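Paired with chain B in one complex and with chain C in the other, chain A is shared by the two complexes that follow.
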Partner chain A sequence: MRKISLSKLDALFEEIAAAYALYLPVDTKAGAKFERWEAGKTLSDALNTVRSAKDFFFPQTENLMDFKMEGKNIEVIDTRSESEDFVLFGVRACDVKSFEVLDRVFLSEPADTYYQNRREHGVILSLACTKLVETCFCGTFGIDAASPEGDVVCHKTEDALYLDAKTEKGQKLMAALESVTQEADASAVDAQKELIRERMAKLPLANLSADAFGDGKTSEFFDAPEWSELSQSCLGCGTCTFVCPTCQCYDIKDFNTGHGVKRFRCWDSCMYSEFTKMSAGQPRLTQMERFRQRFMHKLVYYPTNNDGLFSCVGCGRCVAKCPIQMNIVKVMKKLGGREND
Partner chain B sequence: MQEINCEVLVSKAAELLEKGTVDRVLGWKAGEFDYDITPAVFYSEQELRDGFVWNDFCGANFSKYLIKETGKSENKVLVFLKPCDTYSFNQLLTEHRFDREKVYAVGVPCNGMLDIGKVRQSAEGIAAVREEGGKVVVDTLYDGSISLDREALLPDRCINCKSKKHAAYDELLGEEGEVVSSARFDEVEKLERMTPDERFAFWQGELSRCIRCNACRDVCPACTCEKCVFDNPASGVENKAAANSFEEKMFHVIRAFHVAGRCTDCGECSRVCPQHIPLHLLNRKFIKDIDSFYGEYQAGAEAGSRAPIVDYKTDDLEPAEAVERGGEHA
Partner chain C sequence: MTNQKEPLIPAVGVVTDIRMDTPDVKTFRVVTPEGKKAFDHKPGQCAMLSIPGVGEAMFSITSSPTNTEFMEFSIKKCGCVTDWLHSMEVGQQITIRGPYGNAFPVDTEFAGKDMLFIAGGIGLAPLRSVINYCRHYRDRYGKIDIVYGSRSMQDLVDYQEIIDEWSQDAGVNVYLTIDREQPEWDGHVGFVPNYVKELGFSTDKIAVLCGPPIMIKFTLAGLQELGFDKTQVYTTMELRMKCGIGKCGRCNIGAKYVCKDGPVFRCDQLDELPDEY
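Presenting the complex of A and B:
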């Protein structure tokens, strides 16, 4: 483990930025946002960025390929280029875990090479949370905010930043940072972890449990009468899905440019009326069915297909951002408590 | 003067349920936290006693919910309306979007709702929020109790409240307020004083943050098309992806045009934007222009009124007289 004084963070960022494109959360008018570091930009103290870090691997819009038409010939143009090496600094434990959720979708055979390209070139420097807030419930999904995953795990104490390489990628980066960091023992970090875990235990949602959900529970919840009441105020906007670090649905479309075709993909949302519309029509006709899809996907379908792993990481963004404050916590409490009623 | 608190509203609702005036109540349901309140329908006094809430975070405008709710039954639904909600209520009636006969509207006074985003800027880890001696007291997870000035926590739409007076109701709780003179066009005037290029840069900075979640459209009481053109794959403009970094202007400017003359300036669009885009400024510019070109008009002040831009008078302004273009992007 190595450390650097907080007063020298700029030197650390400068050193990283010499070899990698460095992105970190900075404060903006609209809240914290990942931006490319340059001299003068400072690390935000915010717990969460408004949009999650998934954009770096699964951007909201990307061009997949172009088609050029000349007479009867169609030329297919591969628009991919090798991603540059980049570092994501300050990713919270919940968001790091979301990458595993996305990996299982995009890296399963056949791997999505667009995603894979970015994933291979990205180095994750996670940052343990210090002040969790009332909307946090990562612990519900077995995530430890005191001990995030990542290529390098960082802890910020009052005066220093501690960095601990966990993977080969992380070690390679840390080797390049030897000149600005110094050897450190783990005692300050251990004390910090204890404090964070104490704080996690005291959170209002600390006892929220996902035990009722998971692998194979489809028939138990699909026809639950509660969906109707839970969904009645849902506006059908996609805010929850767009700020969610684990939502991974997309749409692929062709855009006629007038002299060819651009095939692009963009985020889609199960909240939308035309989502997964097929030639036979619309499989989910009402907002109740669309609302149910989102939560069943997070709590039942995804874990059923992925060894019990839930596709919610408890970051709380949807809790904070839903215009009508209907969220996964309320859904879990209502449905998870059914057996005890 | 009677203080209008949660108990008064619950008693009123219980009384109307009991008398059979209504068979259900559109109200605010308590959430996990003091601030996360969800619109909900209550069917009995017991349900009301268990979960109905009325506090500083009941900001959601219920008028739009009446479209769906009145379609569910032949019976009347009770709705509690704050002054600004009543303007949307009238506007929706003007557009024949729900059946007035199926609604029993109770007006409730409003001193402005709080913006939880502003509370969060001053308090980390919100355990509880309450009002104490005119102050907002926030119990926090880390810093004990913090006392904050209420005024500093109001959203822009409440700071610039246009009316404490209800534009419609069957029954009113508390005393009626007045239409107030607000400074709601000040920000618009600031934008008008910019050069066209500065203004373009301002809107580019704001609108390029848009993530196209459509919350502004979906919450808007003036946006009630059965199928939005932007949701229709057959329209040719259905679009979840921006072709360039500023394509979002198209969505927002078209939407602002679409609701011009019908927008009551309720401010829900800005309340729900996860990216804090001041969308209400676009609508206010349209309102201000309509006022200055055609005479003062407030959408929703009266049910059945005709907005100047859907009305015709022989001395109406010619389009060319209204527009002065300039700047690099003209």
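Presenting the complex of A and C:
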């Protein structure tokens, strides 16, 4: 483990930025947001960014390919160029875990090479949480906010930033940072971990349990009468899916530029009526069915396909952002029975 | 896969023949610009066809895998992409990627069995591939019965092939029906599910169903009345799809993705899925 004084953080960022494109959360008028670091930009103190870090591997919109059309002929052009190595600094434990959830979808055979390429080029410097907010419930999914995963795990104490390389990628980066960091022992970090875990245990959602849900529970929950009441006020706005670090549904659309055609991929939402609409019919006619799909997917279908791993990391973004105050926590409390009373 | 390493990037295909099957169904023959079959497939598998700028859609591959020269797609005009395909001329290029999905278990569960194929309307398209596969390897299967119905005589897809080839095969019986009387039709009149019950097939065979959901529902009930178990009955499912590789989330039902875990399902497997298809 190594450390650097907080007063010298700029020197650390400068050193990283010399070899990598460095992105970190900075404060903007619209809240904390990952931006490319340059001299003068400072690390946000916010617990979490408004939008999760999934954009870096699965951007909200991306050009998949171009088509050149001439008469009856078509030429398919792969527009990708080599992407540069980049560092994501300050990723919280919940968001780091979301990468594993996304990996299981995008890297399963056949792998999505667009995502895979960015995953290979990205180095994750996670940052343990210090303050917590009442919408946090990462502990429900076995995530420890005080001890995140990542290529390099960082802890920020009152006077220093501690860095601990966990992977080969992380070790390579840390080797380049030897001149600005110094050897450190783990005592300050251990003390901080203990403090955070104490605070986590006092959060309002600390005892929220996902035990009632999981793989193979489709028949238990699919026809539950509670879905109707739970979804009654859902606007179908899709905000929950867009701020969610684990939502991965997408659309593919073509755009005619006048000189050719560009094929784009963009985030989509199972909350939208168009999502499953076919010329032959619509399998999910009501908002209740669409609402149920999202939560069944996160709490039952995804775990069924992924060794019990849930497709939620308890970041609390959907809790904070839903315009009608509906969220996965309410669904879990209502359907999860006595365990969540 | 067209391109194993890049599953989302399609290959170019050339439409070399367009056959008008019914007033709203055309069968398109597709090869690569080099004149070859774009990729190998198994009976029941699908491919994504697109017209850049218009859109991409999933279609079942109608031709048999035993045809190594080209692929065929029987496509009903019913939406944006299909409207455009129907306006195409021979020589036009499209894009193609695949094959996607699982296949009918022709070399395992179907091997050595009597086969009963039941199709309604454009539902014959995915069955044509497996029917012709079974006809090609005739000695691997027992008796083949084909029940096919549509709204009218003019709506029967692949009518010429059915009359000229399927009906002529030894050990193959074809039963055609149309929904309403027509002066020029002297065959059976009535809906497919009722016709299947009237025909009263023995239950020692595999049944493969494809057609509109309502037809599948009533035919399955009819087969069960005859004594068929759901483990003997196969069908194909259709949902909206964008990626074809189980990632975009659109064709997700329960823990299954129709593009990857389907489109072929055994009817007892469907009971495990939530009722939303």
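Quick note on the criterion: the second predicted complex is superposed on the first by the 335 of 341 C-alpha atoms of A that agree within 3 Å, B and C clash if a C-alpha of one lies under 4 Å from a C-alpha of the other, contacts with A are read in each partner's own complex, and residues count from 1 in each chain.
In this section, a contact is a pair of C-beta atoms (placed from the backbone, for glycine too) under 8 Å apart; a residue touches a chain by one contact, two chains touch by 3 or more.
Quantities reported herein were computed from a predicted structural model and do not represent experimental measurements.
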Look at where chain B and chain C land on chain A after superposing the complexes, then choose clash or fit. fit
After the superposition on A, what does A:C266 contact: first (chain B), second (chain C), both or neither? first
Check the residue A:Q116 against both partner chains and state whether it touches chain B (first), chain C (second), both, or neither. neither
In the superposed arrangement, which partner chain does A:T157 touch: chain B (first), chain C (second), both, or neither? neither
Chain B versus chain C as contact partner of A:E289, first or second or both or neither: second
Determine, under the contact definition given at the top, whether A:F67 touches first (chain B), second (chain C), both, or neither. second
Figure out whether A:S83 sits in contact with chain B (first) or chain C (second), or with both, or with neither. neither
Would you check which partner chain A:D254 touches, where first means chain B only, second means chain C only, and both and neither mean what they say? second
Students often get this wrong, so check: with C-alpha centres, what angle lies at chain A between chain B and chain C, to the nearest 10 degrees? 90
Output check: A:M278 vs chain B and chain C. Expected answer is one of first, second, both, neither. What do you get? second
According to the stated criteria, A:K330 is in contact with first (chain B), second (chain C), both, or neither; which is it? first
Just to confirm the value: shortest Cα separation between chain B and chain C in the superposed three-chain model, in whole Å. 8
Going through chain A, the residues touched by chain B and also by chain C turn out to be 251, 253, 255, 265, 268, 277
Using the touch rule from the top, collect the residues of chain A that touch chain C in their complex. 64-65, 67, 69, 72-76, 78, 105-106, 108, 110, 112-114, 215, 218, 222, 248-256, 261, 263, 265, 268, 270, 275-281, 283-284, 289, 293, 296-297, 300-301, 304-305
Per the touch rule, the chain A residues reaching chain B in their complex are 29-31, 50-51, 60-61, 131-134, 199, 202-205, 229, 232-233, 235-239, 241-243, 251, 253, 255, 264-269, 272-274, 277, 319, 321, 323-327, 329-330, 333
Chain C residues within the chain A interface of the complex: 1, 4-12, 50, 52-56, 78-79, 82, 89, 91-95, 213, 238-240, 242-243, 245-250, 252-255, 272-277
With touch defined as at the start, can you tell me which chain B residues reach chain A in the complex? 31-33, 35-41, 60, 65, 124-127, 141-142, 209, 211-215, 217-219, 227, 231-233, 238, 240-243, 271-272, 274-277
